[in-house]
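Below you will find the structure I want to go over with you.
So that you can tell them apart, the chains are marked A, B, C, D and E in the order they are listed, and the count of residues begins at 1 in each.
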């Protein structure tokens, strides 16, 4: 994991539009009482791409992620996941189908250590039943250790060895975000939803985080949907960007196209970057 | 608040903050120790003198931090995650008690009086309010009620409060739209605006801003800092801000401190810091040929080890 | 110095303290008076130790364990729950349990329960006396037919115990038994039960209550305007505080009793002068002579007489629990003896035999006149013919369910 | 069987309307009295997010202080005033010694602290006043006693106790006053803020110390009123503390944070359990009152997890 | 000085994930077990065994049970007393139905009944949370208590309405009923408690324990990570009730000898809850410390006036004990809200840096 791999050393990825479709959102609308959080939005996410979702505050980005992983149920529209139209589903079903995410307001398990938090990401992959767990010695322990190995890889990868046994509640914000990423990675997801992973980080840390994201994307082939307010990050990392404003989609395209789009500049960027 | 009272060279006037283009000839790298001489001076609103903070009786987080905020100044506190920025701000606003932390050494002087022993609400009454990191809105209260709690300590009547409410809504039109929603259901950015607006409602002399830009859309970040500057210019409000977005922070601040692992490792005029090579490299991300791409970050560790 | 050690399990705190305090004072004061006046019993002072149980079974057992090693002669648990826990232990630890007028009715069968004493009467005896009394009022047992008799009780082992007997009598004499259970956590909130009473209009009400349940019930009865003279409580619902809650309106309320009313007894006078006035106890002087206080005194009389009998039978001055058992089993509190100890007429003469540890002695009924209780009947005999077979069946049942229940090996001293 | 469950109770209601009215009245009174206890809980919960387990014992303590003072020769009204003073001191002490050091701690820790407080007050109260029940000084305080009976049809009779009427009036006045206080004043808003987030409330300058002292005092006053009313019904004794459990379903039904909720919850539980006990309880041997209220609350909660008027539980990521 | 981990390197994940990874802790546990199994039986008198150690162990086990539910899974329960009662009544019925089966086995089986009842009352936890959930468990408490009184079959229609424990033996030693010696009962209780504590600790450090903690710390996030909330919570209810049920059965079989419904009242629920909170939510060791504090402290307090030979009434002692316990609860919460378990950790941390203050 520590090998020096940069994006340039990999073959140039195929254009996003040619890749296989992973998830499609069709005409989704969601409202809470009177508030329309999402209005008739359609877009798709293709395998292996980094898809950014941007937009002003309250545009409905987080709500969009919530719809994708089953936490909110849209009033209208459908979601197609790997070619199958999904009905109303519970979040844990989404998780078992390979959708993992991080949260805007860190949602770590505060009473647990970093290690346990990341191990918790592997819950779905572990299967020893209650009675083996009671005994511990034998299968349960073996399974635990096997997964511990995987988790230690992630810990190495994210360079958080030093805080392995620290309860996460006491960690500074930036590290919490990193642990959260680790937890999502531990799920070995097909689609990783990141909600403002770099908020509250300084440049150095953002660079680290970018590297993690790129590495995950290229090494594990994980598809990533990313919400971020730092335009530098979005423009550099993403293959395609969808822009929301007041719950509506106002643009969708490559970073360059989006950046040049006047509607986007007016609604979001303020000045062109 | 007149220009004359700000004779100290460190407390740059707002005009100076605007003259960003002009290069600064000397780089000031004061060490914290030398500054005790000015702590009692009239035109500093806040002095933190060599404080040590311990959490849970055993975890030592701040190991002797000193800083001053001139009256009418905007001072930025920079540093990596876990450096202790939030802790410093909470030490000033006396919110540490609620986290089982305590200031074990040093003193904190606000407007010429030691304030370590005061309760947070005394401090707010005296005009020093904190915007906490991570929003901390009152989830069950509507946005408007949240804003009104900010005016809890005020005694100047409903009309004044009402007009300030209007002011906040003009700053953040988005809040006006969502004024009757429960804050718990609003988006992250909306909550951030609400937290900042709430602090403004107390008409403070000094605001401790912890990561104001976090989770805000780019143009809003600019707007927030514009608001900071406006308040600073028009009302003479002083600011101590902990901020990760060094770029913006140093553009608006007059003075900056860099905090690493519980110690101040570098401080100086904002302009001087901006020109410092290390700061450029590690905080601003401008190498010799302009902005680096996030795609091209190198994989080996490049952490600055500060000599302190 | 040699002493005879008597632990007293009392409760002056908790939800039943209202009743418990008077009992505790009475028990303590009489024994203390013996120490002051006579230097104890047979020249040996009594070492009295109170242990607070709060009417709580856990603490009761703790008190038992804490005191039994000190040579305890007898236990008075004053709680059915604690009694039940001590019954099997008594024969193992060789310390008798004296549950005076409470506990397990079946314990009266001395062949099965050689270590347990519930003299002078059992609950079943008590219930039969009430029915007897009602029959008297109505003109004979035959006229009970078609009557409705309500039974309001603390919904716990204590309150449920008389039900089998009452049911049997109801069947036999053709009256209808209506039950009104009061859950322990609803003791102070009985309006539903009394509304039910109001709807059912029973001809008589019988109450098996304790602690805070009693005053609340009497108040509620007043509230629904139930005719108070048709409302009869067991001897544990006979406290002055209980009736006083209803004040003047409660006049006519009746309760069973087997211990003297008032303080016109030389022994009580001695207590007053030697113990209470001397400041050696915390008893409120006004409470001497009240029902529950006197009940406590009677309890100690039985203890003291048990010790005395044991001393006589064994020739020892300092006795053990085993001796005490023998003493209690040979207890014969005659009219003369009562007079001798300054309590003539304080209780019905009582006699324990090896077969019968309760004795099914008669009890009387007292009536609240608005200010105090006055004795209104003579001693009424329980229906021994009905009760005794029931007791024996219950004892056999107990022994069977707790098999292997030890056979009686203790010799009969009589 | 089916007849007993579905038909007979209603036939009875129809045939004995006076009795049905009486049941309703008893339900009403019980509801009001439950609501009084619940009100004390609500106050403190609203102001600090603390579930104040000690409310039950505060009721007993207030009642005992009042009666105890009177027993020692203090005139009734003076005793009342002194008791109010004692409650104020208690409130201040609790704020100073218990609440202040525990600011910003998880709810369950604060709950536990109030249980510790309960223990302390039980021991303290019994030490001072002794464990025996005391008679409430109803008449001395000028509260009405006695009852009025309304003839109803042939043999019918509905009896209203004057003290119950007084309890209802006092409860309603108190709820009104508190509702106004909480909803119309700046303190009210601050209280809700504190309940949401102690630290943030501190950061905007709300003085938790002051607020908590005020609220605990208010809860003490409610406890006093409750103590007088319940004491008039039964006696003032430590057994009353158990009754406080009845406030829990009321509280939960109404929603922890709502003052009107306490009243409405109380009435629903009061009516519900009386009607159930009197018309259906007999089918299972009676005494179902000990748990019926909880079942009502449970059923309501399944449909509204935050209670009838409670603030919605915010779930968002 | 004495508490130094330095130099203890863990070379495998097995070693790192052991229950007690640090050598000193292992030695400490060894000593405790030695004292419990050898020293105490050799030295203690009957009172200490019967009234201090046995209840302490029974309560510890119950506290572990509640800790699973409240401390680890975050579901506040006030129904512990009733769940313990289910275990007790089930064990009692089992001994009447199968009089020849080993009573220890029956006690262990009785837990399954309370597990089932616990799971049923856990069902509403899917929708109802926090303090609101407490009311469902209260419903369980009061409803079950009512059943214990009303369903005569449960107590074999005993006139006393109570259950009374028959005498049973194992390997020729009487272990239940009045004739069982405190020592025999102590060994039974100790063995069961240690065994279950150990098994539960195993569950808690594995996948299932983690999924409980996930639900406790943030149920929404847990669900988004693939945890099925209902299943997980019900499992916690069942496991917790099982342990409580066994504790309840032990309470009557090896300690009280007879039990009325009121032995399993709400007071008991609270007693156990105190132990859990004071010991430290989410800590098995804390359960023992909490139980020791709540059960043993009052006994000590009651004994003090006797030792000092001060003459004050039994009830005054009781009142003072109440006040002291209450004050100490508050005091310890203020010193360390996370209970004795955390206090112990901090103490260890201080030992580690000793003689420096931090």
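To be clear about the criterion, contacts are C-beta pairs under 8 Å (C-beta built on N, C-alpha and C of every residue); 3 or more make two chains touch, one makes a residue touch a chain.
Every value quoted in this text rests on a predicted model; they were computed, and no experiment measured them.
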Given chain A and chain C, the chains that contact each of them: D, E
B-E or A-E - the one linked by more C-beta pairs in contact: A-E
Chain separated most widely from chain E, comparing mean CA positions: B
Interchain centroid distance [CA atoms averaged], chain A/chain B, Å: 30
Distance from chain E to chain C - Cα centre to Cα centre, in angstrom: 37
Between chain C and chain B, distance of the C-alpha-averaged centres to the nearest whole Å: 76
Chain E, residues touching no fewer than two other chains: 142, 146, 149, 220-221, 224, 266, 315, 318-319, 322
Per-residue overlap in chain B, given as positions that touch at least 2 other chains: 59, 185
Set of chain A residues in contact with two or more other chains: 62, 71, 103-105, 107
Which pairs of chains touch, using the document's own definition: A-B, A-D, A-E, B-D, B-E, C-D, C-E, D-E
List of chain E residues in touch with chain D within their complex: 70, 76, 124, 127-132, 134-136, 138-139, 142-143, 145-146, 149-150, 220-221, 224, 266, 270, 273-274, 277-278, 281, 315-316, 318-330, 333-334, 337
Touching residues on chain D, where the partner in the complex is chain E: 51, 97-98, 101-102, 105-109, 112-113, 115-124, 126-127, 131, 245, 248-249, 252, 256, 284-285, 287-288, 290-291, 294-295, 297-298, 301-302, 305-307, 313, 315, 317
Complex contacts: residues of chain E adjacent to chain A: 12-14, 17, 199, 202-203, 205-211, 213-214, 216-218, 220-229, 235, 239, 282
Contact set on chain B toward chain D in their complex: 93, 95, 97-99, 119-121, 123-125, 129-132, 136-141, 145-146, 148-150, 152-153, 182, 184-185, 198-199, 202
Residue numbers on chain E that touch chain C, as the complex places them: 45-47, 50-51, 55, 96, 99, 142, 146, 149, 156, 158-162, 164-167, 177-179, 255-263, 265-267, 299, 302, 313-315, 317-319, 322
